[in-house]
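Have a look at this one before I ask anything.
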Amino acid sequence: MTAPILPSILPEIILVVAATALVAVDLVSRRRANNATLAGIAVIGLLLSALAVYFNLNGQSPRPVLGMLAVDGFASFLMITVLLGMVLVVLYSIEYLKPYAEHRSEFYAFLLAVSLAILIAVSANDLLMVYLGMEFVSITSYILVGFLRKDKRSNEAAIKYFLYGAVASAVMLYGFSMLYGITGSTNLSAIADALTGQTLAGGMRWLSFTSVVLMIVGFGFKTSLVPFHQWAPDTYEGAPSPITGFLSTASKVAGFALMVRVLLVALPRFALDWLTVLAGVSMITMTLGNLVALRQGNIKRLLAYSSIAQAGYILMGLVCIPQEQFHLLALQAFTFNGINGILLYLFGYVFTNLGLFAVVIAIENQTGKTEIKEYAGLVQRSPWLAALLLIFLLSLTGIPPTLGFWGKYFVFGAAVQVRFFVLLIVAVINSAIAAGYYLNIVRYAFFMPAEDESRIHISPSLRVVLAITTVMVLGLGILPGFLIDWASRSAEFLTQF
Amino acid sequence: MASLNEWILSLLVFIPLFAAIVVLFIPRENERLIKLSSIAVSLVPLALSIYLMANYFTAHLPNGGGMQYEVKLAWIPQLDSYYHLGADGLSVPLLFLTALLSTLGLYYSSFTIKKRVKEFFFLFLLLEMGMMGVFVALDYILFYVFWEIGLVPMYFLIGIWGQPKDRPRYAAIKFFIYTLIGSVAMLLAILAVYFQVGTFDILEAARLQPFAGQIGIASLVFWGFMLAFMIKVPSFPFHTWLPDAHTAAPTAGSVILAGVLLKLGAYGIIRIVLPTFPEAFSQWSMVIVALGVIGIVYGAFICISQSDLKRLIAYSSVSHMGYVMLGVGAAGAGIAKIAEPGMADSMAMAINGAVLQMFNHGIITGGLFFLVGVIYERAHTRDLSMFGGLSAKIPGYYAIMMVVAFASLGLPGLAGFWAEFFTFRGAFDIVAVWAAIGVIGIVATAGYILYRIIQSVFLGEYDPHKIEHWTDMRTGQEGHEPTDLAGFEKLTLWPLVILIFVLGIYPTPLVHFFNQAAQTIINAL
Amino acid sequence: MEITFFHVIFLVVAAFTLVCALGVVLSRNLFHASIWLIGAFAGVAILYWTMEAEYLAIAQIMVYIGAIATLIVFSIMLSRGMMLGRAPMNNFQSGISAVVAVLLFGILALVLLQINWPVVQQAITSDQIAQLGEALVSTYVVPFQTIAVLLSVALIGAIMIAREH
Amino acid sequence: MNLLDLIRDPSQIGPWFYQTMLGWGLQPWLADLIGDIIGVLVIVLMVINSAIFLIWLERKVAARLQDRVGPNRAGPYGLLQTLADVVKLLTKEDITPDGADRVSYNLAPALMVMQIVMVAAIIPVASGVVGANLSVGLLYFVAMSGIASIGALMAGWASNNKYALLGGFRVVAQLMSYEIPLAFSLLAAVIWSGTMATNTLAVKQGEMLFGFLPGWNLFVMPFAALIFFIATLAEGERAPFDLLEAESEIVAGPNIEYSGMKFAWFYLQFFINSLLLSAIFATVFLGGWQGPFVDRFPILGLLYFTAKAMLVLFGLMWVRATYPRLRIDQMMTFCWKVLVPATLVVVLISAIGVKFTPDRSLNAVIISAANLVALFVTLGILGRTLRRQVETRKADLQAKIAARA
Amino acid sequence: MTPVIPLSWYLLLAAALFSIGLYGALARRNAIGVLMGIELILNAVNINLVAFNRYIVPQQVSGQIFAIFVLAIAAAEAAVGLALIIAIYRSRATVNLDEIDLLKG
């Protein structure tokens, strides 16, 4: 129990130090600090943190930190995913921030803060930390979304996000408080233990159901599940594009991590409740997200709906955990246990979407617009960009050999394994619908003539992002062995403390 | 040559990829180099596939055929998935077909494709890689990956180089989504098989007979695979993407689409579904037979009413692929009665017919689409009512068209005959009534070939006012009279014509290939 | 159950709190709503007191009334113009929301009343403030540090966003 | 228990009265209730009536400091002047301005007075003589001062007057800002004493350091005391921080529109606030009711306490009469850039100092020394910065003059 | 002192506060109005937490700690939220949510 605390939270400490350093550098330097310098500090901080995450578990067993945080494989996998993803977000921001002279250092510092928040969220092992992590992510996100305070759209995006988020988290919290009352504890494992020990009769049973539903509201908001998704399109459209990239990836990772851990570690007793609810939510989410995405004209909005739909697929992994593995809560590696599907899916989704947003930002930097119309003739304006766009879109569609395929493969696998046929049929139909609107972008980019034939300039930092994401999406798509290995072993470690 | 034999399949798959990458790095302005290099490199797989045919024929067929040239390397060991390639009598000829049609397509396109040349050749080579891969993959995951790789280039070939009036974007997306639904269903089926037998090895899975005795779940999985393959074939009622896609695609695209891509589906049925789910196949075989026969008859009758030459040929593909379905379905229907004397032979016959039909249809329809391209490049229209009396104007074209069209009709002595003969010969023994109905299709085929193609295009009076401008493909000039085949067109068509004759007169070697494979499959049932 | 003096106090405070809460959501004037809100906060603070959570009661006054309510009132004043319009305060879905809220309360009440809670009848003897303080720097040190960072972030962010140009 | 005993130790009055009531046959809860009500009444009356005296005192002191006579007509030394003022205010017309928000307009003064009375509840005037020796006493005090800003804000808003509104804004800005150094300097003392309860704080300061030095927090942490004193000036809305009612700028702050009795309430709040702040200062830093012989005669504590509080109050008045008003930006800058960092240092010193050695006396010396060092460092930095600012300003002006010439 | 008031009274009160707050959060047009509703919900949560702490696990302080954190987070959230509201008011002179409609859903 008395594991050394400081080494275990070293990744978090590094981020705090880096964020402080960012602000300090800006304060100390006589002129405003160089944009690239700031970004450099941020990137170094993130990478060091990722390194610390790696060494945290390297050769050591999973362990709790005072019962509050869980240093385990599940958390580490998502932490590294998020930290690498955030490196890309920082790289995006370099170019994007050029017109905004002030508050640059704060912007990077907030990116680090939100990474810190996600690290905490993905490893939260206590209802208090769950709430804290989620709110930390949310509050920092509100600020980042509203960062362009002179921009009406950014304001509006932030306020909508804020109001939805605040209501959802408050409702979720009410659920938490009920759970605390039922079990007398806030520690996830202690909750699970208390629940197994009790015979929940009558009202108690109903109250737990209510609290589970209320909690799903909160998680559903964070992961933009239908019907808690309304904020997503507006917020995605209005937010600064790097932040939209962040919201649709890292932020979502946090939401899913929280949901998986709380439901799986604390509430296996109520599995029947939440499995049923979430299965329905999953189907509605993917269908509605995809159908509405078909009608979008703005790429950021489209990606918002696409990310809603993707959340539906990811949820499949949680819904389709094989019963026999579930009851023992010993997820076996190298099987389709749903959780490794979620991990792989999230990993693939994060890097694919970040790559896609790099393309979106490159075009936005050039044209100032995010309408799909602007993509007409992209292949003439920048063949490489068009090709990458295609790769990322195919990855989102789930076409091999891309990274996106493996995630889908594993969640579908989990669903096949538990023979959840209704869900599978809905998922298959949705894959086709999704292909429809992803290909619509491809149609513009490749088939339509360009109105403006000027070549698209891609800044060096964006080139780096594109290179990294492409290597990940294609490289790990063709040779996913290492990743699958890692994810499966990580899923195995989602254990109780 | 031992080491070559070991790696030949990998080479077949990856040389096109290599060529594609080479093309990617040639500046787009240098069109000549792009064309030359891609054609030149694509000759290598062609040569290799010929060598493969010869080698297999001489070395392996006499020794019982079976899977040869196997390679099994760890790919994703965590998933029990291997880089497992292999070829048998079923796939070797199809590899040759792929290589041949790809090379011809590339060659033909190097003269006719004018815009976005680099992308075209890149995508075409990528497509070739995907098709080759499907024919040699012996691992489900690998199979699926190659299956999907073929999807994307075809989508672009249709969408970018299609004629605007044919709604290529619509056709492309329709093609993509149809195929995608099928392939996702297949993915789920693959996973289901994996959970049952714990391996992704296609042969191993077939040996272990997943879901034996569980007809309910087996049927589901069976239909998962069948959905994918039937969409690709395309079998009635999943055929609606095909006419659109064919009409819109550029000539070489249509050739590959009809010549090879459709065969992927049929190949999948024979390679995977039939051996792995004999029980379910037997259960549902009558549905497949029925769909095949409906496809034959329906396709043929639709053809008669078409006014667009290319669309007509597209529908003829639906009809012809119906024979394949009929043959396979008949074989499936025979499973239940396999113990009856002569039944195994009939089944083998039906499968032989189906596979022969695949191969021959590849050559014949490939030729037909080339021919449509030839006339379209000249007249810029495919409307049958605009033609007439061309036999006198362009006799060379007429002659070749006659050969290919009659082969399509199934005229004895030409390639198409044997396939139909074997199919019906096998099917009559097993599903006599349906086979009899299928014969109506043959009659209708004769109708549209003779009446719609030969008569309305070539016979009758030539009216110079119908089409004002004819392009001379030799010089690229506009003229008022149609001109006969240019050199490159001849070069493209003659190999096919020769093959049609050769296979029509002496199909025995090819039948050897297929028969061995069919026997192996049936013996394993 | 015998009704004692404490029950009466509780009922009075609870009624006060609920009336204030209703005032918050029903008042047609935003400024009045904020005053109602302060009342509700104060009522809740007294309720904490009745549960012997003195520290929390004070923290409630300090944070909710002293900080949050002040901030809210402050923002209402800064955006004074918005209150001059006579437009309705509620949106189109207020009817449905009311039904939802009433139903929700009904369900919760029904469920809660059925439950026989495993209540531990025990007087609080230890020094709760000391206990709280120790807990914050031992078991809860990680969340404590986290919220320190969170508050700084929120502070900087709020200033950055709300600053005049 | 005889009367003399009760006078000697006034903290026994409460329990004695309670026992007496029980003797009359009252229910315990009823006795509790009656005792509480009487206690509340006593505090309220004492507090409110003390204002009458305070106002006179303030005017008198200010006058003396400015070399004037001050009130001298009504009664001896003008002692009855305030009473006359009260009568005047009571009889004045109670005006509610047009367009005012009636609810808030009437609620605001009540809130102000309520806040002040509630703070009074935690002041221990003699050993054990305290309205409520809350375990969270000082926190309670800080929390209550938050309510004052709400009252002022309400008044400012409800008056429908732009000066009032501006005054309201200023109140919030100032009070909230200065609440931080106020609370943190108290925190330093709390850390040292290990309690937040006011009476217990006073008790703790009764210990003698090294056996002879009174352990008042003023000696242990002079810098914290200084910061608290400055913050008190701001919280009490006194010069040099009386921007809330700066006549020359916003006429009279949030209460500009008030007249009659409602105005009197604001007036009341202002003076009592100063008294209570002084009392808190006396309690936290000056040992409260501690003094010689309090253990034998607790009643002496009342005397000591009053004396100490009055001393502090006199200090407040002195500052008010002496220093000119700051500009609002200067005031805010001073708070955020000087006081807040300084209090953080002070809190840190206390937190570290407490842990040093097992000997409390030694720790006290260490903390004290550190406090003084921090004080001088702060003053040094402040002085240098100010000097530099003055010089730049001077140079600017000279340059301007030169340019004009 | 042992508690005399039944736990369910507190819980019912909290439930009522929660419902009222939810109604406010859903029904208000005005962003600040929504925020007030949210604060009511959070208060309901805190009542729950403190009550459970007092009645179910009186020897611990976990519920109170949780409530303190909720309090602190509520403050941070309100600060950021109001900053956003002020920013949007500056640019549009309204905080009515149905008038904030540049981004169409």
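In order of appearance the chains are A, B, C, D and E, and numbering begins at 1 in each one.
Definition applied: a contact is a pair of C-beta atoms (placed from the backbone, for glycine too) under 8 Å apart; a residue touches a chain by one contact, two chains touch by 3 or more.
On a predicted model such as this, the values are computed, not experimentally measured, just so you know.
Removing subunit C from consideration leaves the other chains in the touching groups A, B, E | D. Fewest steps needed to get from subunit A to subunit D, stepping only to touching chains, is 2.
When the partners of subunit C are compared with those of subunit E, the chains appearing in both lists are A. By the count of C-beta pairs in contact, the leading chain pair is C-E. Farthest chain from subunit E (centres taken as the mean of C-alpha atoms): B. With centres taken as mean C-alpha coordinates, the chain found closest to the middle of all protein C-alpha atoms is A. Between subunit B and subunit E the centroid-to-centroid distance comes to 65 Å (mean Cα coordinates, whole Å).
Annotation: 31 Å between the Cα-based centres of subunit A and subunit C. Centre to centre, using the average C-alpha position, subunit B and subunit C are separated by 71 Å.
Taking each chain's centre as the mean of its C-alpha atoms, subunit A lies 26 Å from subunit E. Shared interface positions of subunit B, defined as residues touching 2 or more other chains, are absent.
For subunit E, the set of residues touching two or more other chains reads 11, 18, 21-22, 26, 35, 37, 51, 56-57, 62, 65, 69, 73, 76-77, 80, 83-85, 87, 97. Across the assembly, subunit A contributes residues 128, 132, 135, 139, 142-143, 146, 149-150, 158, 181 that each touch 2 or more other chains.
Contact annotation for chain pairs lists A-B, A-C, A-E, C-D, C-E, with touch applied as defined.
Interface residues of subunit C facing subunit D in the complex, by the touch rule stated above, are 4-6, 29, 31-32, 35, 38, 54-55, 57-59, 61-62, 65-67, 69-70, 73-74, 77, 127-129. Interface residues of subunit A facing subunit E in the complex, by the touch rule stated above, are 127-128, 131-132, 135, 138-139, 142-143, 146, 149-150, 152-153, 155-160, 162-163, 166-167, 170-171, 173-174, 176-178, 180-181, 184-186, 230, 233-234, 237-238. The residues of subunit B lying in touch with subunit A in their complex are 28, 75-79, 116, 119, 144-145, 148-149, 151-152, 155-156, 159-160, 168-169, 172-173, 176-177, 180-181, 184-185, 187-188, 191-192, 194-195, 217, 220.
Per the touch definition, subunit D reaches subunit C in the complex via residues 29-30, 33, 101, 103-104, 107, 134-136, 139-140, 142-147, 149-150, 153-154, 156-157, 165, 168-169, 172, 176, 179, 196. The touching residues of subunit A, when paired with subunit B in their complex, are 334, 336, 379, 383, 390, 394, 397-401, 405, 408-409, 412-413, 415-417, 419, 421, 424, 427-429, 431-432, 435-436, 439-440, 443, 446-447, 479-481, 484-485, 488.
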